[in-house]
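Letters A, B, C and D mark the chains in the order given here, with residues in each chain numbered from 1 onward.
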Amino acid sequence: MTDLLVTVGDLTITDRFYATRSMTESLASPLSAEDQTVQSMADVSPTKWHRAHTTWFFETFLLTPNLAGYRPFHPDFAYLFNSYYEGVGARYPRHDRGQLSRPGINEIAEYRAHVDHAMATLLEDPACGSCTGLVELGIQHEQQHQELLLMDIKHVLSRNPLLPAYDAVRLPKPSTASAPTWTHHPEGTYQLGHSAPGFCFDNELPRHREYVDAFAMADQPVTCGEWLAFMEDGGYHRPELWLSDGWATVQAEGWEHPLYWLESDGFWLEFTLGGPTPLNPAQPVCHISYYEADAFARWAGARLPTEVEWEVAAAGRPLTGQFLDHTKLHPTPVAGSPTGTTPFGNIWQWTSSAYSPYPGFESAPGAVGEYNGKFMVNQYVLRGGSCVTPPDHIRATYRNFFPPSARWAFSGLRTARNG
Amino acid sequence: MTDLLVTVGDLTITDRFYATRSMTESLASPLSAEDQTVQSMADVSPTKWHRAHTTWFFETFLLTPNLAGYRPFHPDFAYLFNSYYEGVGARYPRHDRGQLSRPGINEIAEYRAHVDHAMATLLEDPACGSCTGLVELGIQHEQQHQELLLMDIKHVLSRNPLLPAYDAVRLPKPSTASAPTWTHHPEGTYQLGHSAPGFCFDNELPRHREYVDAFAMADQPVTCGEWLAFMEDGGYHRPELWLSDGWATVQAEGWEHPLYWLESDGFWLEFTLGGPTPLNPAQPVCHISYYEADAFARWAGARLPTEVEWEVAAAGRPLTGQFLDHTKLHPTPVAGSPTGTTPFGNIWQWTSSAYSPYPGFESAPGAVGEYNGKFMVNQYVLRGGSCVTPPDHIRATYRNFFPPSARWAFSGLRTARNG
Amino acid sequence: MTDLLVTVGDLTITDRFYATRSMTESLASPLSAEDQTVQSMADVSPTKWHRAHTTWFFETFLLTPNLAGYRPFHPDFAYLFNSYYEGVGARYPRHDRGQLSRPGINEIAEYRAHVDHAMATLLEDPACGSCTGLVELGIQHEQQHQELLLMDIKHVLSRNPLLPAYDAVRLPKPSTASAPTWTHHPEGTYQLGHSAPGFCFDNELPRHREYVDAFAMADQPVTCGEWLAFMEDGGYHRPELWLSDGWATVQAEGWEHPLYWLESDGFWLEFTLGGPTPLNPAQPVCHISYYEADAFARWAGARLPTEVEWEVAAAGRPLTGQFLDHTKLHPTPVAGSPTGTTPFGNIWQWTSSAYSPYPGFESAPGAVGEYNGKFMVNQYVLRGGSCVTPPDHIRATYRNFFPPSARWAFSGLRTARNG
Amino acid sequence: MTDLLVTVGDLTITDRFYATRSMTESLASPLSAEDQTVQSMADVSPTKWHRAHTTWFFETFLLTPNLAGYRPFHPDFAYLFNSYYEGVGARYPRHDRGQLSRPGINEIAEYRAHVDHAMATLLEDPACGSCTGLVELGIQHEQQHQELLLMDIKHVLSRNPLLPAYDAVRLPKPSTASAPTWTHHPEGTYQLGHSAPGFCFDNELPRHREYVDAFAMADQPVTCGEWLAFMEDGGYHRPELWLSDGWATVQAEGWEHPLYWLESDGFWLEFTLGGPTPLNPAQPVCHISYYEADAFARWAGARLPTEVEWEVAAAGRPLTGQFLDHTKLHPTPVAGSPTGTTPFGNIWQWTSSAYSPYPGFESAPGAVGEYNGKFMVNQYVLRGGSCVTPPDHIRATYRNFFPPSARWAFSGLRTARNG
């Protein structure tokens, strides 16, 4: 993983644009043309599609409307690489993205270079009033796709009987975790949502008040060792622990353990971006669905926190944690970690909150307004960022979201309790 | 509809038990053996199944554990008529309920008589400590199935090209609604959830505090006339009005109007439990999904209320409205209604709140505890009761819930706004 | 089964019309309204649908075109009870026939009486030139549906956990079969297809020549005892015995034995129209698919006969056998049977011949021409008739046909060998 | 298409082995790594899979059992590249072949070289008695996959909105066909099946007799111009022309024309391996299903020939025609063709014969015996070879087969008539 250089700090937006664009190419670089073409399920996109779609975003929302004389790289790419924006026309079906052998990875590299070159002109044009905000959005968007690219290629490679590694990764030796500690928070009416200067997504707004009862929250994520205890206690076979839809999913899918766990001769392995590796009991459990997180918490005599509780507990904590720049590409034990106990990094943490608009939420006008609001149904909020999240892409107010059955994100949990 | 006699008032629990049991049989009485056998989709249960399942509830949770020497009516009925209780053993698959020709309606009548007879003994037994609570729960459960029975048979009959009526129903002549009025509510921290004496479901507890911003809420439901305006303005063809999952559903299902609306030679009809009838513009719109309610509200420049806002607005209002005892079996216009403007009755009202546990929620122990908690995912809350809800089965704190794509409930909406 | 009176012999067509119509009602008479309403899979039709559809045939093809002043019983029945005739307009979807609670069984009885009454006039009208042929076709058609009615209700009842009987049936005690005997047939060019006077279906024509190599054919059907030996030898678990599509079906469906066999405490039972009964080793095996018949024959070192071979072997044999008039409604052992060894009755026998037109085949013009020809793809021919075939509805040239995965017909096999 | 060199003639088996292996690599050479990875439907295999699977055949059936000290190239390839041979162990699911990014095309090239190198030793070993037959089978098998490779990549590229060409192809200018001529054949008992020296597949044996009525057969295939007339006469909208399963397929799939036809501004184009090209009315129609061929023949007042008739008509004709070595990769008009009117080449011709074993057919023992016999159900026979069939891979007795709904083969038709 020697070529992964994540640049963070006080950079101009132009510098950040090029750093982000370059990072995406670094993330794709260990992958062959074949690797970049495969789509292993409808939720997954091929690597080359991520590279093209993030480029399409700048072409569609920045260059075409704002750069005089700009010629789109290819007339059909607007159709091929639109993800879900109804406002900018038809799009190629999501579940068929793995059907596209063309454009190949070299043509996509040319597409990226073409757009990057044109963006240089636009980034120096002081007349483009709305540009800075949109460039910032494009950077944030591409950072989201960097995490998706890694989530997706992990799924692609995991389905191959050869279990190939994405890249060489050095993980800590298996160890044992100590018991979790708890922090108590008093009842009260809290201010929540984004307020600091700097970028945030529309779904973090407006800042607003919420009444919260007293609660306690575990400082550390649930570990693989604790998950093994849940499994050994029949966790996947006891309907009383599960939501009804969760139990139906467990039975329909035949779930017996988290995604990417493998049993071999009585030993547990985990498939990581570095290939199969022995399961580490001290490591935060990862790649679990909302249903599993909820069932575990019930089994443990606890519950999931609401997203409000999570944010109350995280407010004011430093934004340190195991992110993409640590180049582990896998969660690591809290004990012995340089970042110590922190709400951030390692694994996204499921909350019990359905993804809904904050009171007073407003979408931006136009196609860009489709960014978040239209997904506010049938999903649950996750908080905190993970080991594959770019380090400058997380906030205490950041709201990630997935359907309750999704497992291919780097998702785990911390538990909470009343009082 | 002459044989529909709904008994309300100050009755003993024994009286209420028999009144409820008798009401179920009254509701089934207009239906032939064939009508009572059909299952028109997986969500629908045959009428005879409802009659048997409500009986099974008393047999399983009251008679078998508490009545010495009780002999179950038939050894296989525990398997056939369990709905979803994992704690009491295996059950016949829900989507195959329409496959069962036996037991026939006469044998089910015998089953009901057998259980009613045995219940007489139990209801007089002062030693059964937990019985009163369970009998009350059984009554409430059977009342829920009375509404389901009518929802379900409406769906069954609607799928028949002959469009047969369930029974004769007298509906008001088509008229025009006046513009809705709005009531404003100040911001504040409110107490919510059940607190009065008397029965409530576990999902209405515990009473707890919520902070609410100032809001306004329409006093009247959205009407069919307003819905026609939405349709004429392209409501079902404009993706920008819809949640992403809603838009996908509209396209997959080919929705162009509410369920049960029919166009005939340029006129709109609505299929009711009294058969097809001309659409009444003044009548509250009914049989719409959460997705449609949400899209309409966005089109109207408003939004759905949260369930907290709904309850704040309904608190302290008298429990009057057009319920099952009005024997219309269809929503009727507010103007000219004897109950006037009321939050209750006519149609269930979608809220924007995902169905979640209240802070501090606890399920009851044992199989009865499966009643509500395990469904708290992937559903949205509806409030207020409908024209097919038994009148003594509603409260300001009552939480009904359905998946966002469901349309066969008597579901409509009132809109809300900030400030 | 006391009320089953099958009338055979030298009757006028009018007598035969009424005898056939009456027989259908006899077959339906043991069934409740609920029983007659259920459709247990797409291939199955409800009993009341069979009663109505056979009536529709006479109304559509005889009364409406030929009887002056005839008024159809109900304007929508043409839509509801058309099975597959494209030439006479739209039709209600086959897989939704179980959705129809109306018309109920009493209204269908009135429909039958209305048509029977009108047919009396037509049957006496010497002016209707084409009528005799169409009445004959209508009778033959209704006889086919008599067999289907029994096949279908057996499937319906078998899916009910209560395993109810259609009617009381007296079956012989379990016994042991003796080894099969073989009959050899020399090579030669044979005349095949219908030639005798009397009715035949279009698919039995024209009579034509076929060259056939020498072959031998078992005189008796394969028995349940032989099938148990196949099962015990791993028959359902050895892919080398199966056609590729057959093996895929075995695995997808989880087949381990013929349809309707049940294991209970180590004993084998068979569900019959008389309810569950101990498996009789001497009885012909029944309710097997083409795939199973083919695999068994391969396992036994034999093969299925072609339909040409079957007809060569059956030519000139008397039309005796265990048919519907024996009122067993289940295959019975050959040994001790009053009909002895015969190619006819007991079970339909799969042949290795895909269902194709004979050389020179021509469909009749008009909608009636859709009777057979359009099904000549993806099906295999069965010969001989079964225990639920009306006795005057079989010929040595009769061609029945089902898809190779179908098992709900009374289908078994006799094996053949080269030379 | 300059690098396509098909070698035919009097070569040793060793020469033919290397020529065939080399040809496969030539056919793959215009394709990128991405092109070779995609699977566009379950029936299609990725190019790189064809390259590996044909190699696996030699490794599994020749090298491993017969070459002392042979080391398989990779222990998992036996699992990944087995197509359907139950007798040699488990295999990777067919519909997931497009999920495999690894091994990549370079590793597969190494695999091919490894096996080719080892084959050199085996081919010189006189002790391997069964080798010659198996090498011959391996060559024939690889030739079949050469045609499949082209069929499959055509489908892959056709699904890409960019409509990329496989390679540059020079097709004749659109022209008009003259009316077809007919050849009459007398009734008689004919000898059919393979008898000449040289290789044939097991399904062409044994040679046997069949009685055939007098018939006439068109000398030329049905053209695109004739097909347009069928379309303009409502061919795809008239159920009376279709088999019942065919009509259901037309409606379910929305077929309005042959696969790969495109309408653009009122003009018809056809997607070819050279990209989109104007439709040529004189060209044989191609990429039609059995259902379409059958419906066309009925519309034209004719019928499909049986495979026996086809073989009678083709017997003794020279094996010339437009095959793969003509490098058109698309059917071309008969008029002006150097090969003139011939039963062979251009397009496979559907017959009305279900694919069945010949009288006396025997499979080879062992896994190789799974080659043909187990597919003898639910498929129809095609005869004659196509423009993508290797020229030394066809015979008058050659039996190709596909399910009646398949359209991605180069399949067309010639019509026949009685007498």
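We adopt the following convention: a residue touches a chain if its C-beta (ideal position, glycine included) is under 8 Å from a C-beta of that chain, and two chains touch if they have at least 3 such contacts.
Just so it is clear, the model here is predicted, and its values are computed rather than measured.
Visitor: For subunit A, which other chain has the most distant CA centre?
Guide: Of all the other chains, the one whose centre lies farthest from subunit A is C.
Visitor: Centroid of subunit A to centroid of subunit D, CA atoms only: how many Å?
Guide: Centre separation, subunit A to subunit D: 46 Å.
Visitor: Taking the mean of the CA coordinates per chain, how far is subunit A from subunit B in Å?
Guide: A distance of 38 Å separates the two centres.
Visitor: I'd like the Å distance between the centres of subunit B and subunit D, where a centre is the mean of that chain's Cα atoms.
Guide: 59
Visitor: Which parts of subunit C, given as residue numbers and ranges, touch two or more other chains?
Guide: Subunit C, residues with two or more chain partners: not present.
Visitor: Which chains touch which?
Guide: A-B, A-D, B-C, C-D
Visitor: Once bound in the complex, which stretches of subunit A touch subunit B?
Guide: Residue positions touching the partner: 84, 86-87, 189, 208-211, 213, 239-240, 242-247, 290-291, 294, 352-354, 356-357, 359-360, 370, 374-378, 404, 418.
Visitor: For the complex, which residues does subunit D have touching subunit A?
Guide: 32-38, 40, 48, 76, 79-80, 92, 96, 98-105, 156-157, 159-162, 164
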